[in-house]
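Presented sequentially are two complexes of chain A, the first with chain B as partner and the second with chain C.
Our next item is the complex of A and B:
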C-alpha cells in the first residue's frame, strides 16, 4: 500500500523529488510518498502562497473562513467520508496507536474545530473579531486592524495524530498563507486536511501547502525559514533552539517546547465511592496517545487522609491501566522508546528495593507501570508510554512550592478536588507557571480556544496596524468640504 | 495451563482435596505452600509428591483458626518466595459427614454453628486479611474458597456446616466486588460429596448410591475432580471471572 503526503499548489508533482517513508507496525507494511523540494522550488512555492493569500485570503471575511473550515471538519466527522475512512484506516498503521483510540480521539478532537467552537476560539483572543476583517474603532481612539502574516511557516512534531490542525487552523483564522512541514512520524492528517480545504474552496487551497523534509535537514529548513514572515515550531528544546537560531532576525519565531503535566488528587476525592472513578480518569489521561502530548500526566500528587490511601490509589490506577490495555493496547515501541521505559522502570525498581514504602506495579508484558513513592519527590518526567508515578503528599497546598523550580516545563494540571480547593490550588499553581488546569480525564483534550502554554494562539500570529487619533484629527484639515 | 513461577498457598493440604489441589498445581509447575495443622509427615509426603511431578513445594504448619498462626504462615511464605499469586482456602474445622448420626436442628446449639462459622469463615477472613496487602501490591491475585454443593442442595441437612459454607459464598462475593477494581479475583468451588477423604469415610454406601442415582454423571467426585476447576479459577483462563461459584458434583446441582 502506498499513500501520498504533502500538498503543493502551483507546483507540478512531476517536477518534484519524491521520497518514500516506510512504516511497518505489527507486520502491516505501508509506504508514504513525501515531497522533497529544492531551494528554488521552496522559493517558488512560498511566493505562490504569499501572493494567493494577499489577493484572496486577506479579503475573505473571517466568517467565510470559519464556514469553510466547518465544512471540512463536518466531512471529517462523517464516518462515511473518504478522508475520514482513510484516517481511521491508515493513522493506526502509521502511528501504531490503537485504532479505536484514534477513532474516538479524532472525533473528540475534530469537534473542537466546528464553527461555534471556532467563533469561541476567535472571541477568546479578539473582543471584536471584525478587527481581522477591516479597520475598527479602538477604545483608546483611532482605528486598528489585525493582519496575519503573508506566509506562516509551521514546523510540526508528529507525537499525536492530527495535532498540526491546531496551528494550521489558527493560521487560516488570521488569514495567513501557510506552509507546514509535517513530521515523518505522521505526515498524513495535515495533508488530507489541506486537500479537503482545496476541494471545498480551491482558491483557499492555493493559500496552503504541506511539505516534508527529513528532521534535522538544515538546508531544507533554512529555505523555508528564509521565506517565512512568521514561524511556529514544535519540538524539543534542542530542535527549537536550532530553528530559532536560523530564523532571520526580522522574522518572529514562536516555539512550543516539551512540557511536563501532572495530576493532583485531594483526599476528599478518595472515599470508597469516588476513588475508583478518579483512578479510572487518571489512567485514561495516561493511556490516551501513550503520554506523547505536552498535556499528558507523568506524576500524580495524591493527598493523604482519605479513606483510600495514596498507595491504594496507585493500585486502583494500576488495575485501570490493565483494563485499558485490553481496550486500547499500547502501540509497539521503537527501540529508543522501549529504552526510555526500561531505564525509568529500572530506576523505580531500585527505589522500591531500597525502601519498602515505595513500590512499582507492572503487568507481565511491561506495557504499563505505575510507581508509588511514600516520600515527597520532585517533579521528574516519567519513562512515557504508560509509565507514571503516584507521590503521596500530606497536603496538596504544598505541591506548588515543590514544582516552582520547573516553571519553564509546566503546563497542564488535572485536578480532582472540591470547588474551594480547586480555586485555591489554581492560585498557587498559576503563580508558579502552570498554564492550564483541567479535570482529570480531560487533560489530553484541551477545550476549544485554550491558550496553548498560556499564550494567545491567534493574537500571537497577528500584527496590528493602527490609525492613530492624531492622523484622524489631522486629516480633518484636508477635505474639500473643510470650512 | 502453566503455573511456572507462580506461588500457590493451599490451606489444609496435607490430605484429601487439599492435597490433590497442591499436587495438581505442582504438576503444572507451581511452587506450592502446603499448609497443615497436625500431620507433618503427611504434609511432607505431599511436598515430596509435588516435587516429583515437577513443581516445588514446602510444608508450613499453621492452625488456620488462629489469626496469629495465619499471619506467620503468610509471612513465612512471603519470606521464602517473595510473593503469593494464588490462595486456596480449603481447610475447615473437622466435621464428620455421617448422615445416620447427624444432629437434628433441635439438638444443635449455637456453639456448633459458631464452630463451623469460625472454621469456614473466620479462617478465610483472617487469611484474606493477612494476604491481601501482598496481592494488592501487585494488583493481581486469585483467591479460591472451597465451599460445598450442599449450599444449593442440602441433600443431607448438615445445618451448621452448610450454613457456614453458605456464609463463605456471600463473603466471597462481597470481597470480589471490593477487590475487582484492584485486579484481584475471588471465587468459590463447591464440590459435592468427595470420596474418599477422611471426612467422608463414614458416609454409608446407601447414601452414596442415592447421590449417584441422582447425579447425571452417575458417580461421586474424587479429590482429583475438584482440582481442575480450582486450577482454572487460579489461571488467566478465568481472568474475567470473579464472585462466581463453580459446582463440581457431576451435575447434581445445576445453577
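Our next item is the complex of A and C:
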C-alpha cells in the first residue's frame, strides 16, 4: 500500500523529487511518498503562497474562514467521509497507536475546531475579533488592525495524530499563508486536512502547502526559514536552538519545546468510594497516546492521610493500567523505546531493592509499570510508554516548591481535589510556571481555546498596525471641507 | 568454593585454549553459587526472582543484575575495604553517586585482559610500539579503561611506547613525531584510545592538513564511542577517516567493547564493514534478550545484551546491559546503547530532561 503525503499548490508533482517512507507495524507494511523540494522550488512555492495569501486570504472575513474550517472539520468528524476513513485506517499503521484510541482521540480533538469552538478560540485572544478584518477603534485612542504574516512556516514534530492542525488552523484564523513541514513520524493528517480545505475552497487551498524533509536536513530547513515571515517550531531544545539560530534576525521564531506534566491527588479524593475512579482517570491519562504528549503525566503526587494510602493508590493505578492494556493495547515499541522503558524500570527496580520504601509494579510483558516512592522525590520524567511514578507527600501544598526549579519544562497538572484546594493549588502552581491545570482524565485533551504553554496562540502570530490619535487629529487640518 | 579456589580455577580456565558448553556451564554455576553465598544484596536479588543455586541449572538462567544495580547496591563478595582496586562506573545516580566494582585482586582481570588482547589485537606480534590516547592509571586510578591501556602498554608495548595525552591534553607534536618516525623506520605502530580522542585528533589533523601512511602491520584500537565528548560520527565515516588519516586499513582498526561492570573485553576482527561482529574469549558468553520481558530472543532479532563473564567473579558475573545487539554467526552486532529514545511526541524524555535541568 502506498499513500501520498504533502500538498504543493502551484508546483507540478512531476517536477518534484519524491522519497518513500516505509512503515511496518506488526507485519503490516505501508509506504508513504513524501515530496522533497529543491531550494529553487521552495522559493517558488513560498512566493506562490505569499502572493495568494496577500490577494485572497487577507481579504477573506474571519467568519468565512471559520465557516470553511468548520466544513472541513465536520467532514472529518463524519465516519462515512473518505478522509476520515483513511485516517482511521492508516494512522494506526503509521503511528502504531491502537485504532480505537485513535478513533476516539480524533473525534475529541476535531470537536475543538468546530465553528463555535473556533469563535471561542478567537475571542480568547481578541476582545474584538473584527481587528482581524479591518481597522477598529482602540480603547487608548486611534485605530488598529491585526495582520497575520504572509508566510507562516510551521516545523512540526512527533507522532501524536493531528497535532499539526493546531498551528495550521491558528495560522488560517489570522489569515496567514502557511507552509508546514510534517514529521516522518506522522506525515498524513496535515496533508489530508490541507487537501480537504482545497476541495472546499480551492482559492484558500492555494494559500496552504505541506512539505517534508528529513528531520535535521539543514539545507531544506534553511530554504524555508529564509522565506518565512514568522516561524513556529516544535521539538526538543537542541532542535529548536538550531532552528532559532538559523532563522533570520528579522523573522520571529516561536518555539514549543518538550514539556513535563504530572498529576496531584488530594487525600479527600482517596476515600473508598472515589479512589478507584480517580485511579481509572489517572491511568487513562497515562494510556492516552502512550505518554507521547507534552500534557501526558509522568508522576503523580499523592497526599497521605486519605482512607486509601498513596501506595495502595499506586496499586489501583497498576490495576487500571492492566485493564486498559486489554482495551487499548500499548503500541509495539522500537528497540530504543523499549530500552528507555527498560532502563527506567530497572533503575526503579534497583531503587526498590535497595530501599524498601520504594516499589515497582509491572506486568510480564512490560507494557506498563508503576513505581512508588514513599520518600519525597524530585520531578523526573518517567521512561514513557506507560511508565509512571506515584510519589507520596504529606501535603500537596509542598509540591510547588519542589517543582519550582523545573519551571522551564512544566506544562499541565491534572488535579483531583475539592474546590477550595484546587484554587489554592492553582495559585501555587501558576507561580512556579505551570500553565495548565485540568481534571484528571482530561490532561491529554485540552479544551478549545487553551493557551498552549501559556502563550496566546493567535496574538503571538499577528502584528498590529496602529493609526495613532495624533494622525487622526492632524488629518483634520487637511480635508477640503476644513474651515 | 573459596575465593582462592575460584581465582586459581579461573586462571587455569583462562589459560586453557578453549572451553566447551559443559565446562563453561559447570564453572558458571559454581561461581554463581559463590556469589549467591557471599554477596548479600545479590542473594536478595536472586531470591526475589525465586532463583537459588538449587533451582538454577544453566548459565543462561543465572539472574542478571541490571547494570543500574551498581548505582544502588554494593555488589561484592569480598570486604569492600580490602579490595586491591575499585573501578567506578561512569553512570551516576541523581545524587552523584557512582557505581563501584571491587576487585580483591587484579590477577584475574589482568590475565583475562592480556590473554584476549594478545589473541585479538596483537595477533602475530609479540610487542608493538604504542601510543596511548588516554590518561594514565595514576591520573585515573578508578578507571578500568585506564588500567586496561596501562596494561596494554606495559605488557605489549615495545620500547619507546608512550602516552600521548598529558595533563594539558593531547601532545600533538609528540604524536606527529611518533607517526613520522613510524613512517620513516617502517616499524609498525599502534594507536590505542577512546573513540572520541581519535575524532579530536583527526579534526586537528584536518586543520593542519596532516595525514600519514603508517607502515604495514600498524593498527588502531578505539573504544567507548563518542559519548557526547566529540562530534558524533557514523561508524563508516569514522573508520573511513581513520584509514584516510593514518593509512591503517579498516580491517586493522579494531574496536574494543568493554565496561567497568565486566572483567573481560569483546573485540571485532576489524571494521571493514560496520557494524562489525564482536566476540569475546571462552570465559565470557552473551545472550540477547527482550529488555522488557528478559526472554531470550531468536538469533537475528534485536534486543539488549546480557553477559555472563566468569572473570568478574567478585561482583556479579551476569549483567543485563543497556546495549542493543543482534546475535549473528560467531558473535553479535553491537548497535550502541539502547538509550531512552526521545518521545516521538512532545513529551520530555529522561535524558533530555537531565541535560536541560543541568543547563
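We take it that the second predicted complex is superposed on the first by the 483 of 483 C-alpha atoms of A that agree within 3 Å, B and C clash if a C-alpha of one lies under 4 Å from a C-alpha of the other, contacts with A are read in each partner's own complex, and residues count from 1 in each chain.
Throughout what follows, contacts are C-beta pairs under 8 Å (C-beta built on N, C-alpha and C of every residue); 3 or more make two chains touch, one makes a residue touch a chain.
The structure presented is a predicted model; accordingly, all values stated were derived computationally and were not measured.
> So, A:316: does it touch chain B (first), chain C (second), both, or neither?
It touches chain B, and chain C stays clear.
> Touch test for A:338: chain B only (first), chain C only (second), both, or neither?
In the superposed model, A:338 contacts chain C only, not chain B.
> By the touch definition at the top of the document, which applies to A:242: first (chain B), second (chain C), both, or neither?
In the superposition, A:242 contacts neither chain B nor chain C.
> Identify the partner contact of A:81: answer first if only chain B is touched, second if only chain C is, both if each is, neither if none is.
A:81: touches no partner chain.
> Going by the contact rule set out at the top, does A:71 touch chain B (first), chain C (second), both, or neither?
A:71 contacts neither chain B nor chain C.
> Quick one: classify A:115 as touching chain B (first), chain C (second), both or neither.
neither
> Give the label of whichever partner, chain B or chain C, reaches more residues of chain A.
So, of the two partners, C touches more residues of chain A.
> Jot down the residues of chain A that show up as touching in both complexes, chain B in one and chain C in the other.
Looking at chain A, the two contact sets are disjoint.
> Help me check something: in the complex, which residues belonging to chain A touch chain B?
Of all residues in chain A, those touching chain B are 276, 279, 312, 315-316, 318-320, 322, 359, 361.
> Touching chain A in the complex: which residues of chain B?
Touch list, chain B to chain A: 136-139, 181-183.
> In their complex, what parts of chain A are in touch with chain C?
95, 157-160, 163, 185, 234, 236-237, 256, 258-261, 289, 291-294, 296, 298, 333-347, 349-351, 353-355, 364-367, 378, 380-384, 405-406, 408-409
> Would you mind writing out the residues of chain C in touch with chain A in their complex?
41, 44-45, 48, 66, 68-69, 71-73, 94, 290-293, 302-304, 320, 322, 324, 335, 337-350, 352-354, 356-357
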